[in-house]
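Multiple structures follow.
Two complexes follow with chain A in common, the first pairing it with chain B and the second with chain C.
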Partner chain A sequence: MSDALIEDIRGVLRDHARLPVDVEAISVDADLFAAGMSSHASVNVMLALEDTFDIEFPDRMLKRSVFDTISGIAAAIDELQAQAA
Partner chain B sequence: MSVLADRDLEFISGIRQIATEVAAAHADEVDRDARFPAEAVQALRAARALSAYVPEELGGGGVSLEAIARACSELGRRCSSTAMVFAMHQIQVGTIVRHLDGAPWFESYLRELAADQRLIASVTSEIGTGGDMSRSIAGVTTGEDGKLGFEKQAPTVSYGAHADDLLTTVRRSEGAEPSDQVLVLSRASDTELEPMGTWDTIGMRGTCSPGFVVRARFSRDQILAAPFSTMMSESLVPLSHVLWSFVWLGIATEAFDRGRSFVRQAMRKSPGKPVPAAHSLSRVMSELSMLRAEVESALQEFLAAEPDRERLGTVAAVLRFNNLKLAASEQAPRVCMGVLEVIGIAAYKNDSQFGVGRQLRDALSARLMVANERIHTIDAGLLALAKEL
Partner chain C sequence: MNIGIDLVLTDEVRESMQIHGERYVKRVYTDAEQADCGDDPRLLASCFAAKEAAMKALGRGDEPLSWRSIGVRRDAGGHLSLELTGEAAALARRRGIDTFHLSTAYHRAAAAAIVLAEGRGAP
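Moving on to the complex of A and B:
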């Protein structure tokens, strides 16, 4: 996963995850839900990620374990972009 | 349709007997006096039904979830409050069994639960969260003696005053985010329940669910280590929706049976003459069939996910089991209302053998226990994400 991708994901989180802390301070492997992302906010994050990266997460990826870390999100996006390429 | 083992069939038949012989006998009184169905719960203890879902190697009955679900419906036909107490207890037990992950404290706890037939209540609701179970305000604190504790303001705690132990959702610590939750099992003997309000409701009166300020003390071993979100998506939520729905199916089935008895009596009195009630009962039967179909298919889908429980965490699965709750909670009262119209005034009377007032009132609780409007709000977001439904 590229640094640019991580930065873009952080941008989506900054706008939609409603975290009580600075997104920059969250490591790529930190649990976003533990960091304060609510279930409701996570839905908005997923929708915004689909829009930002012009992808559609298939149902198999639409689960909490895929979206609970920045690295998990990046891996999912990498996989989808590799498929599309 | 899965095949039930002999053990399961024996279990269900034992529950059916308790339902008809004990729960039914006290149901009207339990409802009238809003008192705990102590006789039925005692009978369930005597039948070792409180540890039915605990694995045999831990001293339990090793009964399948399908059998537990059917037991909820059998009890629901005779006494909704008994059935809901039983269902909620099994949800707590089920969550522990499915997520204890070999933790020695919880294994030994389950042995104790089986030996003493301990009853577990849950403390999930909290003032200030707006009914959102995925957030907690109360957090785990550490006392000067090193013992852990919490103080939680819970607006409804079903049979809290009658439970031996409590399973509570709290924040991991007071400094943790509201979404960073854990499940704590505390013993009633180490838990103070300060009553807050009353439980004089229109239905489900025997569940005795007033609010409490809950203050508990416990050790770190009493926190389930599994990630809270996993327990929510793989057990707490779908299991609740499945078992509750079976209770509601039982309630609706009982109302329907009363309608059937009424119509049968009318037809026998004047054979050959048209009985309008028979016609309307047939309409109600299609409503009941839809309820049964939804509840049964959801159970089968839940069981089908057992080999790969992570599937229950997908958006499609969350929507599926949320829809079960929405559909069943609205359909069960609809069946009761239909029967009310089939029977007429005799169904409206509390002291009539054809009365369905209790069933109707009990069934109305369904849409409020986790308010349907809250579930619709969750689903609205998920529907935009889901690709296949």
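Moving on to the complex of A and C:
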């Protein structure tokens, strides 16, 4: 996963995850739900990621491990963009 | 018996409707929920809380589970029940759960839901 991808994901989280902490302070493997992201906020994050990266998360990816860390989100985006290429 | 509970802020739902519009509603809520709730963020928040409470009562781990696979139905008398389809129904079968009880409450600021799940248990 590239630094640019991670930065773009942080931008989406900053705008949509309603985290009570600074997104920059969250490591790529930190649990976003434990950091304060609600289940409902994760919907906004998913939709904003789809807009930002021009992807659509299939139902098989609608699971906690895809959205609970920045690295998990990045891996899912990498996979979806590779499929689309 | 398993129990799940969840709380959703109405403002979060209202904001999602404003930012993502129809895409948010169609991605998260069943056709019946859309018909029942219209564009009332309080009712949609109570449906979302019910979905999350149901996921907890199902003992969801890391299984893929779409929000639309758990729906809230309102009968003519206003009684609420849960309708599971697809992957949520399959997870309930694997858990040996066949009966759900749902109660919701909402206020201007938030909606809450509690779900009791009963059954013979996992085989």
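Going forward, the second predicted complex is superposed on the first by the 85 of 85 C-alpha atoms of A that agree within 3 Å, B and C clash if a C-alpha of one lies under 4 Å from a C-alpha of the other, contacts with A are read in each partner's own complex, and residues count from 1 in each chain.
Methods note: a contact is a pair of C-beta atoms (placed from the backbone, for glycine too) under 8 Å apart; a residue touches a chain by one contact, two chains touch by 3 or more.
None of the values given here were measured: they were computed from a predicted structure.
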| item | value |
| --- | --- |
| Fit or clash - chain C, chain B, common chain A | clash |
| Partner chain in contact with A:Met37 - chain B first, chain C second, else both or neither | first |
| Partner chain in contact with A:Ser65 - chain B first, chain C second, else both or neither | both |
| Which superposed partner A:Arg18 touches (first chain B, second chain C, both, neither) | second |
| Chain A residues touched - chain C or chain B, whichever exceeds | B |
| Part of chain B, among the options 239-247, 257-265 or 275-283, whose backbone runs into chain C after overlay | 239-247 |
| Chain B and chain C footprints on chain A, overlapping residues | 38-40, 43-44, 47, 59-60, 62-65 |
| Sites on chain A touched by chain C in the complex | 16, 18, 38-41, 43-44, 47-48, 59-65 |
| Residues of chain A defined as touching chain B within the complex | 20, 31, 33-40, 43-44, 46-47, 50, 56-60, 62-65, 68 |
| Residue ranges of chain B in contact with chain A within the complex | 132, 134-135, 172, 176-180, 229-230, 233, 310, 313-316, 377-378, 381-382, 384-388 |
| For the chain C and chain A complex, residues of the former touching the latter | 6, 8-9, 12-13, 15-16, 19-20, 23-24, 27-28, 48, 52, 60-67, 86-87 |
